[in-house]
Amino acid sequence: MTPSNALVQLTDVQKHFPIHQGFIIRKETGAVKAVDGVTIAIERGKTFGLVGESGCGKTTMAKLILRIETPTAGTITFDGKDVHKLKGSELRAYRETVQVVFQDPYSSLNPRMRIKEIIEEPLRTDPKFTKEQRKARIEELLKVIGLRPGSATRYPHQFSGGQRQRIAIARALAPSPSFIVLDEPVSSLDVSIRAQLMNLLKDLQREFHLTFLLISHDLAGVRYLADTIGVMYLGKIVESGGSPAVYGKPLHPYTHALLSNAMPSHPNAPRTEVILTGEVPSPINIPTGCRFHPRCPKVMPHCSKIEPQLQEAEPGHWVACHLYGDTNGAPTPKETAHATATSTAAGNAR
Amino acid sequence: MAIAEQPAAGRVARPRFSAGGVFRTVRHYGIIPGIPLFVLVTLIFVGAFAPLISPHEPNKQSLLDSNVAPAWTAEGTSNNLLGTDRFGRDQLTRIFYGARISLIVSFVTIAIGGAIGTLVGLTAGYFGGWLDSLLMRIVDVFLAFPGLLLAIVLATVFEPSFTIVILVASLLIWPRFARLVRGDTLGIKPNDFVTYARITGTPTPRILMKHIFPNVIPTLLVLCTWEVGAIILLESSLSFLGAGIPPPNPSWGTMVLDGRGQLEEGWWISLFPGLAIMTTVLSLNLLGDWMRDYLDPKLRHA
Amino acid sequence: MSRYILARFLQALISLLAVTIGVFLIVRTIGDPVNVILPIDASREQVEQVRQSLGLDKPVLTQYKDYMFDMMQGDLGLSYTKRQPVMDLVSERVPATLQLGLVSLAITFFIAIPLGVYAAARKGSWVDWVSRIFAVLGQSIPVFWLGIILIQLFAVQWGLLPAGGRGEWKQLVLPSVTLGIFLISGLMRLTRSAMLEVLGSDYVKMARAKGVAEQIVLWKHAFRNAAIPVLTFSALLLVGVLSGAVIVETVFAWPGLGRLVVESIRSRDLNVVQGVIVLFAGFYILANLCVDILYAYVNPRIRF
Amino acid sequence: MDSKPVLQVKDLKVQFATRHGLIKAVDGVTFDLHRGESLGIVGESGSGKSMTSLAVMRLVPPPNGRIVAGEIFLNGENLLKKSNSEMRDIRGGKIAMIFQDPMSSLNPAFTIGNQVGEAVALHQHLRGNELRKKVINALSLVKIPAPETRVKSFPHQMSGGMRQRVVGAIALSCEPEVLIADEPTTSLDVTVQAQYLRLLKEIQEEKQVAIILITHDLGIVARLCHRVAVMYAGRIVEIGSTEQIFDKPSHPYTIALLRSTPKLEGVSRLDSIEGEPPDPSNLPDGCRFAPRCKWAKDKCREAYPPRVQISDGHWADCWFAGDLK
């Protein structure tokens, strides 16, 4: 799980938001376990796709990396340094090296600032740039993202959603970062605009040697952009690996369900549909044992008791499921691994 | 009293409001904001240059000329266009000077109360948590207190004066500013551009001044317009009750009070100052309403 | 639900305490009642004597304790000028203010709510325009001046209605209409905007898609939800009633609490002013509490 | 499939008067729908797909919006000629609708039972116990667990997926002939979306209701719909069976849309559509897709193309339909 050239490394990261109740005397009555022990490595120059349904903790993960939230436990390192222990000039450097593009292009740009001010913002405190250099940089960036230089003096409301998202990308590129967090970068855009943006991101990555963390619920889009995939469920990574492996041969029943529920590209495409029951439980009351067991079509008796650990089922392909390998002394028919990938809905382990 | 409505929180994609001259406004936006703006510009002009344009001295009594009717009536003279009161003071002159009083009181109040309220609202909305709860509790207590009665208490304890009126009006309006600005701040804060500013390590004062405050300005403009009207109404009500601007200062409220006992002898004595109050406040309210509709993207693109 | 009510009740008590302390401090420490009662050239002995008789020589905290203690027993102290218990002065005026307030509130609700609902339902129609003009006028006309103009027209010029006083029903007409006009505009405006917001919501669209008749959409689906902000506003409306009553009672010589206050300012009778203000505040806080409890019933999302 | 369509829409035009000029939201839309059939209307935001569905319900928002031309037949009767009260009987009775956002489609002030019951009481004139039974039936039809106790719940006590099922129960409670679902699953999670779509499909097969599914997602259409109408800038540019559209897309917009959608199997490079959809208050002359079309010729910019038949039941509005590679 720790490739040698990891740029960002998360080790057993947790983020719990305490819940207070009571009036006058406030007691801590529980916690929202948004991120509950996540270990991932994001390789230099690659795209890590983080996939999961709403409320699974993927946005909290981004916030932890971006230092808007502090982890309850665990460490996040960037280039070997603990992100949450950075101070002074190192912290300033980190804030330039790590950038972000948000989902909603309407809320990510200040409506009262001109485009040039918006793009200039991350450069403002950088002593490396003189005023003229900043101006030149803005023009250069507008060209890179495909907007006319005249756009610089306009306001965000004069642009369409797709154009605004390009501006947000330009802002992220301004301080020449090496790592960009993309939080659902295209999901609020129209279908015909999405491909433009995805291609742009792909080209930028190659041109500027960028590392991406792509957060999305759109499996097909992630497939297009990501090299490595992590599937998240209720605050935990349940499966991760290279994207051809995960998409071609999903191991975890949840991944399998997600893939089979994703929309087909052709009405007659061969498909096996796994329909899960119920919805994602609240991160306040996480089920015991395997957190997926109440919805799992292949649930086994001990799944509700023992929490499976992430383990390498195949080289570079990790899964946290009792169907594979033996981490907790639970009985595990190893041969089901292959069966899962091809089987239809009903589980044989039931 | 103008009750400020809470604007819809959320997206802040508002067009910039360009404050232009009266004529430009009429040409651009039509007659609805034009007429009130014209009234208000006239009022400011009259208030500013009252000594230059007034035909008489505001407090000069002339018992020989008492209760002279307006110029266009049978008993009127061209010397006193709007007639005189029972002390023979020229009504028109006093209305001009009254504009001055209304303007001074409302501008000073907005400057004090509006600034405090905005600051409190920004702080409460941005920082949230216990600070927000505490500040909003205080705001609730002040909002719950009938301002007119507070003024009355203060006027009983002290002598009525400009200072008391301004103090009372400020105490009355700051919680409204605080509440509205807090609401807007709460709506702006979750926007990703604020999150982005935090990620890039922008210092909090700069976030407040550069990212939050400019987006509150449209709401503030509308609120200020409405509140100036409310303050003028409050000042005149207090003066009418004898708890406001002390006589012989020609406050419009005092002038209405002067005419109250003379309805049979001189209907004009309380009519004209009252009309002055109404026209002014009406203009402010209309302008505020128009601004709100104009600045509200939901109504604009409907 | 009962926890919610209990919480609100405690909050109301705290507010009441805050208000009494505030008023008490202003009246007792900033404004020295002795200065009001005695002429400026009074001798030291005289001052000391009055201080002692009023209990002003004790520490402020003790004074406050005594005052609160007396108040709980229905004693608001003596009027300085009338040498009568404040409680008697007040209780003799309460019915008049109550009558005026309730009648104007009734007028307000009967006119403002249907007008607001219909203005929103027919946005842009003449009903909407008329009610909007009415609302903005109502917010711009000074109440005292409106009262005087009404007296001028109905009493002086046409002699249709009496100019003031209290007794027969005719004397109630002008004051309650004046107060009503002052109150209607705010409530109407709020009802209209709350309705407009609700009418644009998906569940109203849904109700229409179900084939529900427009009247039912308006009153059942939309108004039920718009009633929540309207109800919250009703508490603020009471501030309007109280401060409006002070002015209207003065204009129409209506023998209520408001007029008592204004008379007391003129004679600088601090105890009376203090008593009435505390009473008003208490009344207001109580009304607020009622609104909060009602609110919990109207809004199913509050379940504590 | 019946030979006579349940619903026929002919040359429907909906316009909006705004400050920025006249917006032709729907500009000559024609399609028909048979019993037991599901038609997907696919398009981007502003393409007029939602407005088409509101027009069928005659719920185009007044006073700015107006149906300016066209005919809508339900079982041969023109809905545009009905009185308001006749139309109210049809809405929720014969044509029902499911809106996009389950969080805001239910009235927060009333219980689930009350909201489902309202439509039943209105259209089937049931009361008391019979009404209750019908409500519980409707809730069990959409597989809401323990419907007997759920009728007393308020919307805020339910999850998003459950709420959307309640909306479905309201729509289906009076056994409509046509169900219009306007992006019914966009706000749901992937796994919940799959549950809901399967449920819709099951109910449709069982009840033989005709469905119009409005969506921007070709994948949903591929899974659920028999036929597809692709809308662009207020017009249907291509219509045909789902297989026809996916196998032989014939309008450049459909082709581009399919090529620019990422696939689970992975593609090396997406073929993106450049530019942006046209401003609805300022539509180009000629073909509306011409400014973004890589095959566009002068002819395309001059005149709106004719409707070309590609094969049986498959039509496209393009001068070069069928000749594009």
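By written order: A, B, C and D. Residues from 1 in each chain.
In the analysis below, a contact is a pair of C-beta atoms (placed from the backbone, for glycine too) under 8 Å apart; a residue touches a chain by one contact, two chains touch by 3 or more.
Because the structure is predicted, anything quoted here is derived from the model rather than measured.
Engineer: Could you tell me which chains are in contact with chain B and with chain D alike?
Structural biologist: Looking at chain D and chain B together, the chains touching each of them are A, C.
Engineer: Does B-C or C-D have more contacting C-beta pairs?
Structural biologist: B-C
Engineer: Take the average of all CA coordinates in chain B, do the same for chain C, and state the distance between these two points in whole angstrom.
Structural biologist: For chain B versus chain C, the centre distance works out to 22 Å.
Engineer: Using the average of all C-alpha atoms in each chain as its centre, how far is it in Å between chain A and chain C?
Structural biologist: 56
Engineer: How many angstrom lie between the centres of chain C and chain D, each centre taken as the mean Cα position?
Structural biologist: Chain C and chain D have C-alpha centres separated by 53 Å.
Engineer: Calculate how many whole Å lie between the centre of chain A and the centre of chain D, each centre taken as the average of the chain's C-alpha atoms.
Structural biologist: 32
Engineer: Among the residues of chain D, pick out those that touch two or more other chains and give their numbers.
Structural biologist: Residue numbers touching two or more other chains: none in chain D.
Engineer: Could you pull out which chain D residues touch chain C in their complex?
Structural biologist: Residue list for chain D touching chain C: 57, 59, 63, 85, 88-93, 96-97, 99-101, 104-110, 118-119, 122-123, 154, 156, 167, 170.
Engineer: For chain C, which residues count as touching chain D in their complex?
Structural biologist: Going by the criterion above, the answer is residues 123-124, 201-203, 205-213, 221, 224-225, 298-301.
Engineer: Using the touch rule from the top, collect the residues of chain B that touch chain C in their complex.
Structural biologist: 1-3, 5, 8, 140-141, 143-149, 152-158, 229, 233, 236-237, 240-243, 253, 256-257, 259-260, 263-264, 267, 270-271, 273-274, 277-278, 281-282, 284-286, 289
Engineer: In the complex, go through chain A and note every residue touching chain D.
Structural biologist: Touch residues, chain A against chain D: 53-54, 160, 162-163, 190-196, 198-199, 217-221, 223-224, 243-244, 247, 257-269, 273, 275-277, 279-280, 295.
Engineer: Can you tell me which positions in chain C touch chain B when the two form their complex?
Structural biologist: So the residues of chain C in touch with chain B come to 15, 18-19, 23, 26-27, 30-31, 136-137, 139-145, 148-149, 151-152, 156, 186, 189-190, 193, 197, 233, 235-236, 239-240, 242-243, 246-247, 250-251, 261-262, 264-266, 268, 270, 273-274, 277, 280-281, 284-285, 288.
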